[in-house]
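In the two complexes that follow, chain A is the common piece, with chain B as its partner first and chain C second.
So, the complex of A and B:
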């Protein structure tokens, strides 16, 4: 990424987040049963990981429509110069069908925008795309009216083998979008970017092919990385972790955040896990969907500082710290 | 239930959590360091204890200290048994 996150141009704004879930849901238990998990193993997911349902496209529903729906809502009738599509799965059936970028741009109503994919970093892709958008706004010749639409979401239900991280989580179908405004934009943003942080540890590059032993080391390493990157990102904003009002988490499992809160001394009620049982993990959009839900349910107040956290197999950790600046919807 | 009975239940349940037989177990045995118990194994151990002892584990109440030694886990199990009225 070059310059460390949080040092490039620290005053971009973010619009309200838009999230689209499919009509359908499937029980996590059923997905796991189909994959051959025993009843005993499935109880671990339900009781400890807190995973009950996973969003699943209903017959006739299309992932592209979720992405377009989320994107159009975030754009709110305005255009975009660049669309960044952040995804975790490298190959998705709908996205490799010829003309994907064109269909998306036309569907979003921004036929003249540039379209790029942000991938190969697994579930940190959407938060990383926010950083890429900041770089775009920091380029020479950037204008105050430039707009970058960050889109995220994957179709987990395409293949069970791609949606299950053994012993860890089950991922679903969902899309999220947010517009990143430049500094000095005339548009009113809902959130002000304060800082960011990231880390990568390629010891865990085998991802879904990791052994149980590697998965255990990965989980332990991620706990430490999240604590470290969160501390660093908060520090870049002149804050301590205790100054953060909310943590918008990756929603892989309640077990991870229980362990994190114990290890890092963070109060559990500051971690917004409300969506976890009913929506679960949806690749790279979890932190954005947690922010969306917290805003929608009236939890956020002007001035609240929120840390959005994504954890990606590989391993990657990405943190974005924002401040709530707009009025409640 | 006697303390020795609880520890025997823990020994048997550890077979599930560790995926191997455990023979030599004491109050001071360290679950992670001495036995090599890992996170997923810990969750499976707790489910096994629920099944064999009829206790209800609340994930929100679990502190790391519970899993320090066999004795600390036995204390936790005893507390759960008291709640169920079995002790």
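So, the complex of A and C:
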């Protein structure tokens, strides 16, 4: 499930990624000010972490609509056999109203699909859901027309206490979706899955209740885990980390990636952080949205190898390596 | 569905769920706010919501993983690493922590892990449709189904406040025959399934608790079938099991108490 060696699962293809941001936006500074952060602390978020704006549902906008919008765009008028909805938060105001799964399936136009939330692993949930989708395509009796919709997204804005990770980041509202195709699919995939890797260190399960000392250890440990899992995942694809063209990062903060690049010897211009100041961290969809943005802006070329990286509280690290297939039309 | 069997079943049940009316909490208490939010989304008065109080002095319960780790402890550690699926829907007591990671830390779990949510009461049956393909063919797995809500509408909900831990294998005491919408008259099923023992309830764990009782009392014999049903407001789920070698099932039931 977490660190698939590849032999047990299908080498799948992925559709183009679809991302939906709300119309609204809020400045990170304002969110922090409302929560009582000092001017100095707020400057750290802006100057060092590189966070400026955070997507925030505008009045009248609904998180369910973002999820449905992203999902429908990824489905591109076709169906799905399974919908895996990856989420980080266990408290989801929009999903408390009874019938959430049914509303999602109906909204997505796939009323007969199986629907499962993938959760409790925090911000690695969306990349993990890609691995779960591979299991579906590896099952006995799997068909070339099978489709799994991997959907992700959370609403940070329902409560400031849910969106601020003290000293680290501010999270927003956004949704992303991608269709995972089987290896022999008739559909043309935009990305080919190459490999994956994962690690968990459950010593850090107290998350926002950790002491400052634990938080410092956690941050340091995550740097090491990202480097290790990235190395392992690249290795499973027969690559070295230096062979990877792009890193699609978790967008919690620029500080983390500066430290990572310094420690791991990775060139900073290979880490796609363009979205960080304007969209910031959006729970589990960050790496997917970085991939989406890089593709949208014409940075990706046929054959490029991209490592999608997610870091989740708890602590979890998940990496998926994909190869770009075909040129941008 | 790939062949799945259950060879161990452990149940942890709260001896005394400690429910407190949310209206009795301080106005600024996070749990009171959460209860009000749940009530608002369900369209019921906030006064109907009660909040489950953790066991006094029990950090694991305060962080909402005591019942899961108790069930896993009762199930026993697997011989080798295997994936663990935690089937749990809805808010937890303390959203500032990671209950699944905490559980794994507490029991020393070294295999993979993943939570499965949004199945609500269907988690007791529907999850087997997922497990049928999500568990690798050559692997065993553990699944924990939790019905231990932190927030309860006492007028309409009667949770079991329990966790059911199951060890899945490729051969074993109970065979998973079918899940989802099971029609016992279907030609694909053995004729004996038409006489299946039916066990049902509105929560994810109800039918499992009844199954535990039925197997303990010898009500279910070798070769018989059992249909577990979860009956929610909007849909129903079923799981058909065959008692292949019921006498070999390892069963445990433990309380969670002060």
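Descriptive notes on the structure:
The working rule: the second predicted complex is superposed on the first by the 321 of 329 C-alpha atoms of A that agree within 3 Å, B and C clash if a C-alpha of one lies under 4 Å from a C-alpha of the other, contacts with A are read in each partner's own complex, and residues count from 1 in each chain.
The working rule: a residue touches a chain if its C-beta (ideal position, glycine included) is under 8 Å from a C-beta of that chain, and two chains touch if they have at least 3 such contacts.
Keep in mind that this is a model prediction, so the values were computed, not measured.
Once chain A of one complex is fitted onto chain A of the other, the partner contacts of A:259 are limited to chain B, with no touch recorded for chain C. When both complexes are overlaid on chain A, the residue A:300 reaches neither chain B nor chain C. Contacts of A:150 after superposition on the shared chain: neither chain B nor chain C is touched. Of the two partner chains placed by superposition, A:123 touches none, neither chain B nor chain C. Once chain A of one complex is fitted onto chain A of the other, the partner contacts of A:48 are limited to chain B, with no touch recorded for chain C. For chain A, the partner that touches more of its residues is C, with chain B and chain C as the two candidates. By the touch criterion defined above, A:102 lies against chain C but remains apart from chain B after alignment on the C-alpha atoms of chain A. Under the contact criterion defined above, no residue of chain A touches both chain B in one complex and chain C in the other.
Chain contact summary for the complex, chain B toward chain A: residues 38-40, 43-44, 46-47, 57, 59-60, 62-64. By the touch rule above, chain A contacts chain B in their complex via residues 40, 43-44, 47-48, 50, 167, 212, 215-216, 219-220, 254-255, 258-259, 262, 268. Those residues of chain C lying in contact with chain A across their complex are 2, 30, 34, 37-38, 41-42, 63, 83, 86, 88-92, 94-102, 104-105, 109, 112-120, 127, 129-130, 132-134, 136-138, 233-235. Across the interface of their complex, chain C is touched by residues 1-3, 8, 85, 87, 89-91, 93, 95-102, 114-122, 128, 132, 135-136, 138-140, 161-162, 198, 200, 202-209, 313-316 of chain A.
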